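What follows is a pair of complexes built around subunit A, which joins subunit B in one and subunit C in the other.
After this line comes the complex of A and B, so read on.
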């Protein structure tokens, strides 16, 4: 499966505004599939930064890095799935999205893409 | 409430049907005994705001006043589906069960209401009376637990933290993988997370952030914002389903919110 296939599978889920593969060390976009108006560079930078902060917490707890992180707001959500090769799979969605479907989609894409 | 006020509220609602003024209007009508009108207003409001627990609570109280116990029961059950810690619904259901002669069930609802409102003397007294009638006696040696802000986490201690936005511990503790207390270190690390979450949610148009869920490893984690200046972290082993953990976190956040409000 190519990166584009993996991202395409996620963006086909209703309510998803975009999906990206991001370099987690520098927060740069590696590949993306975004709806118009979604700033991929901002998403990538913010997602990488949030993932780094959360890694700080799990390190203090002596836990391995999480396989999935969900940031939920009143109007939407951000899902991150860290990959083994310094990459992050990221999805942005509105609050109307089916969270369970998106969760499975992101995990599946992370598993096959990375 | 004087009729002029009801007229003013009615006029206000007519001008703006989406207004929340239906709540005080229906309440005023209920108190004046105009139960049919109160129910019409409250039902229309609940149709417009179906997720508002307060609207369903109002409907339940009106229906209870009308002697429609079954309908009131359904409405209060709806309230608890929307807000599992709604004191009015627990009290109302306790009253309905008592009226129906189901004293043990009444006791359960009233007990929960008393946990949620530990300073409500009238409720404590009602609870004691229902206990007596139900023939419930405490097990010898059992002592009533003190009101606990993080009661939802009591079953497994050292798995929840409440911290302020400066990274200071407010309540709870958490253990690291080796079993050592890491509460203070996690509290400090959470400061950065909350700032980052707030910034990310704002810049990406996600609205105010409400939760962070972490899955993976031997444990799952949930973060909540009980108030605008506090963060709650709850963890459980990965054998606890994600949905259940999210519910536990919601309950713990609600308990923490009440505790913080009492402190202020």
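After this line comes the complex of A and C, so read on.
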């Protein structure tokens, strides 16, 4: 499956405003499928930073790296799935999204894309 | 952080806090330093300003030879630190930014917050002052004053 296929599987979920593949080390966009008005560069940079900090937390706790991170806001959420290849799959969704469907979609896309 | 012009301080302080950059230098396209953070010696800042301006001038010429638009930014990524060098327009003319960052941040964050710094500087810039004659007897005083401002000596 290509990166575009993986992103397409996520953006087909109702309520999703975009999905990105991000380089974990430098927070740059590798591939994206975003609705107009979503600042992909900012999302990529902040998502990579968030993932790095959470990786630090789990390392300190002696736990394995998380497979999924969810950052919820009042108007939407970010779902992050770190991959083994130095990449990070990120989904941006509004608060109307079905979280369970999005969670499954992101995990499935991460499993097949990375 | 030290700045020659006070209106640069707030946008630069915000950038430093959000990007976690280790060293930042703002200068005019001719290499005149406007603000700096992280340098402790005037020799270092003058060298960095000259080298940064030279690198961007070289890449602009390279782009011209290739028939491309001038490159906006140059990144040197090392294993421990990275250098982000970018030119941008301000109400006071074209300026250059040189940012040194470590592993506590990322190139993506530096890029995002640098873009915000550019926008904040455009909003904060006061109306341009009319150019005034530079007198030889004033030049040394002004140079020394600028160095004192940048290095607190």
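In this text, the second predicted complex is superposed on the first by the 114 of 114 C-alpha atoms of A that agree within 3 Å, B and C clash if a C-alpha of one lies under 4 Å from a C-alpha of the other, contacts with A are read in each partner's own complex, and residues count from 1 in each chain.
Everything that follows uses one rule, which is that contacts are C-beta pairs under 8 Å (C-beta built on N, C-alpha and C of every residue); 3 or more make two chains touch, one makes a residue touch a chain.
Note that the coordinates shown come from a computational prediction; the quantities given were computed from them, not determined experimentally.
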Room on subunit A for both subunit B and subunit C (clash or fit): fit
Contacts of A:58 with subunit B and subunit C, given as first, second, both or neither: first
Contacts of A:77 with subunit B and subunit C, given as first, second, both or neither: first
Which partner, subunit B or subunit C, touches more subunit A residues: B
Partner chain in contact with A:50 - subunit B first, subunit C second, else both or neither: first
First, second, both or neither for A:26, with subunit B first and subunit C second: second
Contacts of A:12 with subunit B and subunit C, given as first, second, both or neither: neither
Which superposed partner A:66 touches (first subunit B, second subunit C, both, neither): first
Partner chain(s) touched by A:42 [first = subunit B, second = subunit C, both, neither]: both
Angle at the Cα centre of subunit A, taken between the Cα centres of subunit B and subunit C once the superposition is applied, in steps of 10 degrees: 110
Shortest CA-CA distance in Å separating subunit B from subunit C in the superposed model: 9
Overlapping contact positions on subunit A, where the subunit C interface meets the subunit B interface: 42, 46, 49
Subunit A partner contacts - residues on subunit B that touch it in the complex: 174, 176-178, 182, 185-186, 189-190, 192-193, 196-197, 199-201, 203-219, 221, 233, 235
Interfacial residue positions of subunit A with respect to subunit B in the complex: 42-43, 46-47, 49-50, 53-54, 56-58, 60-78, 92, 95
Complex contacts: residues of subunit A adjacent to subunit C: 22-23, 25-29, 41-42, 44-46, 48-49, 52
Complex contacts: residues of subunit C adjacent to subunit A: 77, 105-109, 111-112, 115
